[in-house]
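Each of the next two complexes has chain A plus one more chain, namely chain B in the first and chain C in the second.
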Partner chain A sequence: MRAGELKSAVFRLQHRYAPYVFVAPFVLVFFIFMLYPLVNSLILAFYVTSGPKSQVFVGFANFVFLLQDPDFHTAIHNTVIYASCSVFLQLPLSLGLAMLLNQARLRGRNFFRLGFFSPNLVGQVFVAVLFSVIFIPKFGLLNRVLHALFEIPIDTKWLGSPELVMPALVLTSLWMYVGFNMIYFLAALQTIDVQLYEAADVDGASPWQKFLHVTVPGIRPVAVFVIVLSTIGSFQLFELPYVMLESTAGPDNAGLTIVMYLYQNGWILGDLGFASAIGWMLTLGVFVISLVQMGLTGSWKTDA
Partner chain B sequence: MNRSLSEYLPFGKAPTVILITTLLATVYLVVNPVATPDSTLRLWTFARNHYLAYVEGTPAFEAAHPGTRLEIQLVHGDAVSRRLRAAFWADLDVPDLVEVGIDRAASFFRGPVDDVGFIDLTPYLESSGFGERIVETRLAPYRNRGRIFGIPHDVHPVMLAYRRDIFEAEGIDPTQLQTWDDFIEVGRRLTVPGQRYMIELNDAKADEFNVFLYQRGGGLFDADGNLTMDSDIALETLVWFTPLAAGPTRIGASLGSTKILTQAIETGYFVTLLCPDWRTKLLEIDVPRMEGRMALMPLPAFEPGGRRTSVRGGTMLGITKATADKDLAWAVAEHMYLDSEELAARFRETNILPPLRDAWLLPAFLEPRPYWSNQPLGKLYADVADDTPPWYTSPFVEKAVEKMGQVVAACGAYYRENGDAGLRDFARTRLGAAADEVRRHVERNPF
Partner chain C sequence: MSATKAVVYALLVAAAMVMLTPMVWLLAASLKGPDDLFSYLFFAPTLSGYNFRQLFTEIPFLRFLMNSLFVTGVTVLVQLIFASMGGFALAKYEFRGKKPIMVLMLATMTIPAQVLMAPMYELIYRFGLVDTYMGLIIPSAVSVFGMFLFRQSLLELPDDLLQAARIDGCSELRLYWTVVLPVARPMIGAFCLISFMASWNSFLWPQIILQTQERFTLTIGLNQMVGLYSQEYGALMAGTLLAVMPVMLLFFLLQREFISGLTAGAVKG
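Up next, the complex of A and B:
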């Protein structure tokens, strides 16, 4: 075989198989660590288990029990409240901050951007530990400040009173995620053509009209992305309450989330079958909510 | 011939370098698997003071068993049961011996009895005679369907730790606090809301509530594993406990966290604490400046002449089926748990009263302790140990503990809102609902 033919054959061979070789590691990892567990968990959801050796087929009994379990209702209730706060409190705050920090005349913008984003550099567990100390009755920073300013009882138990646990979790997540989502909005705001605002000024539009008719359409794709991502993230809430409430669901289950409920049943009661059923219900719920959100925000509409 | 390398690499150099690096890394990992431990036996413990004591006791064991290498591993409390469960399920990295907390142990006994990951220790306990020397009630939590899967590490009677200097300054004689009524009366005088509380009590969890429940003779389960968390005793205790821990006239408070207990005790925020033996060592370590200012007394009784102690916590040592040499693993258990010299040394390290009655007479248990105002700590706990109530359990104990915590928290919230009015009915309803939920979980267990 001549050298030219050899070169050509090697080249053709590489061209044909190289993509498969490059994709192979991902495909292997995906099949072993994603697809197989996923399918297996769907099968497990129809069993009551005590480890892999002891399994009893129960059909849809896990799902029936789940839907009737008051703890599951509590978990949904808590998770929905948290998710609502994420969408209706956290995201407007993020957008507001982004608009503020997008002002060219604001001095030290980069400093503030870094400052607001920095809570994300340390991770949820760190933030949870930090805030669990801040919330301590009597000696915690928050109680001391509130007591000094508003004479709120200094031994208020933020993480020990059922009615205060969720506000404490929301407050913590605001501190952590407002800056994070702000970055998305900031990036989106910077893509809006300044001439659109100038044209609106010429037309005599008020600041609110400019926001509604220029800013909102301009950031819509990013906003939808952030809303869906925040909702999914909220439904997966686990680390914050787990650490802040010291591995429990908090007083009277006030900090019980769906994922924590899953964890408790899988790893405390040891029933992976039931935990799988919870996982699939969660997946279904998040899928439906995401579809609804995308429908409401007009993501399905194609531009004419 | 002048051919460049790139002619043979249609996707460029970078992807090729990535591919080669990946292949090399894979080959490296295959030929260099994770090193397997060179120890003969491995023991997991979740308590740091146990770990330190076992490490100290290891050379003596290894000397008595030449060629054996015992490795003690400290695994975090929450992680030990999760990792153990995963290890059992995957049949991977299962230790030979493992210590499990009393509130988690029974969850490992769920499922067919032959599938339990621990070996039955009954033959070892019978042949060694230790079964008769151990406080019988402490074996109960580790007994399941006629088998004993663990030996108890402790008795964990509860006493009351108090700030002796504050008691003296206030003219309080602890020997006069015979009943909880006496205690509450003094507590009303000493408590200053927001500044000082007579006792550490948590109205958001069942930790302290359960101490009172057991002292009264109640419990979450009976000896047969039946749920009893909604018994009359539980209701009476709940109605008694709630106003003490919640509401404007409470004499107890909680920081909801152990993170700043040091500050709370040093500043006199808590005057007394429910104190099982294991907690005395934690206080010595965490609040060292209180040396000589702390003292212990038996719990006040619920009625004159009644029980003066309760129980809180516990640990079992189990031998897993994964161990290659069960007899050698039992020898470790004997050495660490049942050898008198080791127990004496361990007591000095941990302040934990072992379940072997004959050990309580050893000198180590009679020594005065400067931290505790020179009281003989071991003797104080040993004096009440025989009265320690039994702690019966079930594979669903964690669920029951969690549910009881919710009831306590709900009653606290109710009391803060409504005071005494309707508290008993509310507590009865919540107890019943919580018990029903646990029973539903029990009933769906097909094993």
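Up next, the complex of A and C:
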């Protein structure tokens, strides 16, 4: 075989096998560190373990115990309240800000957009550290401002009283995520044809009617996406309460979330099997809720 | 200016003030001396570097910072190489097993990461990687999201361009390096930013894996400080400020790269 032929044979071979070489590193790590653990977690969920070493098969006992554990009920309760606040409090605010920014001929739109978005650049842990100090009684920013404005007691213990932990968490997450979701809403609002609003004006529609019949249908796909995404994110809440409450679940478990419950059982108590069972319950819950949300929001389509 | 316009601006300015106040307060608290900490709401009349000195002399903060930079830097780089190569293969080649791989990847994207933590920990334990940087980096070496991002953007890359390079004798690996990567530049900027933020801010997995203080990343180190330094929070605020800076910096750097990359077309006609 001549040198030229050999060269072209090598060229053909490297062309043929190139895609396998390109995906190989990714696929290898993907199989070992994602797919295998995923399958393994399904098996592990039926075992009681003590650290990574000892395992005893217990059938459905993990799930039975889980459903009866009052701590798990508290975790679900807290997580659902937090998620509801995200959807019903935070998203309307995001949409409101987006509508303000979408006004025609607005000056400084980019400045406002960046300003509202910027808290999202700060990671959850760092936000939690910052706000744990902002919530300090007597000297914290929040109490000093609220005391001056509304005469709220200066020594209000936001993170030390069971009934105030959740409001503190919701307030913090509002600051962090309002601008993030606003970006999506703003992008959706900008795709709505201005002529639709002009036509509505000609028909003498009120601002509320315009919102209901032009804005809402226009942003529906994005809104569903944002609702589902922020619900899923809310269900994975962990860093914010864990760091703000100094690595505890807070007074009376007021800051206990599903993922925190998973972490405590898996790594403080050392039962990786039980932690897997919790993980699958979380997955199931998120899956069902997402489907329900998509169903509910899809059903609006028929009456619009 | 009409009345509605005035109301709109008033609301926007009020909202912006609420959003920016915690950041300004963070900056002010970092720059207050120990005696001014509780006396002024925002900035003290004299700025002090006391908190930063505390941070670097009393706490192994520099060590945390270096650990975070190292772990995040390696993670971003590895994710970028794996995801862009994989994305290129999925976008521009036909090969056996392509469909099943993509279906599997899409399926795993729908499952919360917390499900994987227990078995992943078991695996890392068996490999003897608990309390190592490798234990942090390896499990996050693949970004399924990143791979789909690159696949999506490379689908638009014209096959003619690749074919022309091949006729000129360009090997597939060189094709990846000299054609694909430059074309994907805006995507690389965006992906690096997202990947950097995720790794820099990650907490739960490092919290599970790391045990020795000298290997702590910033998130773990700062969380430890919350309990220990809640009385003199100046250093804590200075630490938070420094921890947030790299992401902010990268955002402003890459924002420009992202936009200019989008507008500069690599292929014409």
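One rule holds for everything that comes next: the second predicted complex is superposed on the first by the 271 of 304 C-alpha atoms of A that agree within 3 Å, B and C clash if a C-alpha of one lies under 4 Å from a C-alpha of the other, contacts with A are read in each partner's own complex, and residues count from 1 in each chain.
The definition used in the following text is that contacts are C-beta pairs under 8 Å (C-beta built on N, C-alpha and C of every residue); 3 or more make two chains touch, one makes a residue touch a chain.
Just so it is clear, the model here is predicted, and its values are computed rather than measured.
K.L.:
After aligning the two structures on chain A, examine chain B and chain C and state clash or fit.
P.N.:
clash
K.L.:
Under the stated touch criterion, which partner chain does A:Val122 make contact with: chain B (first), chain C (second), both, or neither?
P.N.:
The second partner, chain C, only.
K.L.:
Go through the superposed model and pick first if A:Val58 touches only chain B, second if only chain C, both, or neither.
P.N.:
First partner only, chain B.
K.L.:
Does the superposition put A:Pro92 against chain B (first), chain C (second), both, or neither?
P.N.:
Touch partners of A:Pro92: none, neither chain B nor chain C.
K.L.:
With both complexes overlaid on chain A, does A:Val259 touch chain B (first), chain C (second), both or neither?
P.N.:
In the superposition, A:Val259 touches chain C alone.
K.L.:
Just to be sure I read the superposition right, which of the two partners does A:Phe112 touch: chain B = first, chain C = second, or both, or neither?
P.N.:
Only chain C; A:Phe112 stays clear of chain B.
K.L.:
Report for A:Ile268: first if it touches chain B alone, second if chain C alone, otherwise both or neither.
P.N.:
Touch partner of A:Ile268: chain B, not chain C.
K.L.:
According to the contact criterion defined above, which of chain B and chain C contacts more residues of chain A?
P.N.:
C
K.L.:
Which partner does A:Asp155 contact after superposing on A: first (chain B), second (chain C), both, neither?
P.N.:
A:Asp155: touches chain B, not chain C.
K.L.:
Going by the contact rule set out at the top, does A:Pro217 touch chain B (first), chain C (second), both, or neither?
P.N.:
A:Pro217: touches no partner chain.
K.L.:
May I ask you to decide whether A:Ala18 touches chain B, chain C, both, or neither, giving the answer as first, second, both or neither?
P.N.:
It touches chain B and chain C both.
K.L.:
Running through the overlay: 9-17, 135-143, 207-215 or 333-341 are the candidate stretches of chain B; which one clashes with chain C?
P.N.:
9-17
K.L.:
Where on chain A do the contacts with chain B and the contacts with chain C coincide?
P.N.:
Common to the two interfaces on chain A: residues 11, 14-15, 18, 21-22, 25, 52, 132-133, 136, 139, 246-247, 267, 272.
K.L.:
For the complex, which residues does chain A have touching chain B?
P.N.:
Interface residues on the chain A side: 3, 7, 10-11, 14-15, 18, 21-22, 25, 48, 50-54, 56, 58, 61, 65, 69-71, 132-133, 136-139, 153-155, 157, 159-163, 246-254, 264, 267-270, 272.
K.L.:
Over in the complex, which chain B residues touch chain A? Could you list them?
P.N.:
Checking each residue of chain B against chain A gives 1, 3, 7-11, 15, 19, 22, 78, 82, 85, 88-90, 107-108, 110-112, 115, 193-194, 202-205, 253-257, 259-260, 263-264, 269, 396, 398-399, 402, 405-406, 409-410, 412-413, 433, 437, 440-441, 444-447.
K.L.:
Flag every residue of chain C that touches chain A in the complex, lowest number first.
P.N.:
So the residues of chain C touching chain A come out as 5, 8, 11-12, 15-16, 18-23, 25-26, 29, 37-38, 41, 81-83, 85-86, 88-90, 93-95, 98, 101, 104-105, 108, 110-123, 125-126, 138-139, 141-142, 144, 147, 166, 169, 171-173, 176, 197, 200-201, 203-204, 207-208, 219, 222-223, 225-227, 230, 233, 236-237, 239-240, 243-244, 247-248, 251.
K.L.:
What does chain A use to touch chain C in their complex?
P.N.:
Chain A residues touching chain C: 11, 14-15, 18-23, 25-27, 29-30, 32-38, 40-41, 44, 52, 97, 100-101, 103, 106, 111-112, 115-116, 118-119, 121-126, 129-134, 136, 139, 141, 144, 175, 178-179, 232, 235-236, 238-239, 242-243, 246-247, 259, 262-263, 266-267, 272-273, 275-276, 279-280, 282-283, 286-287.
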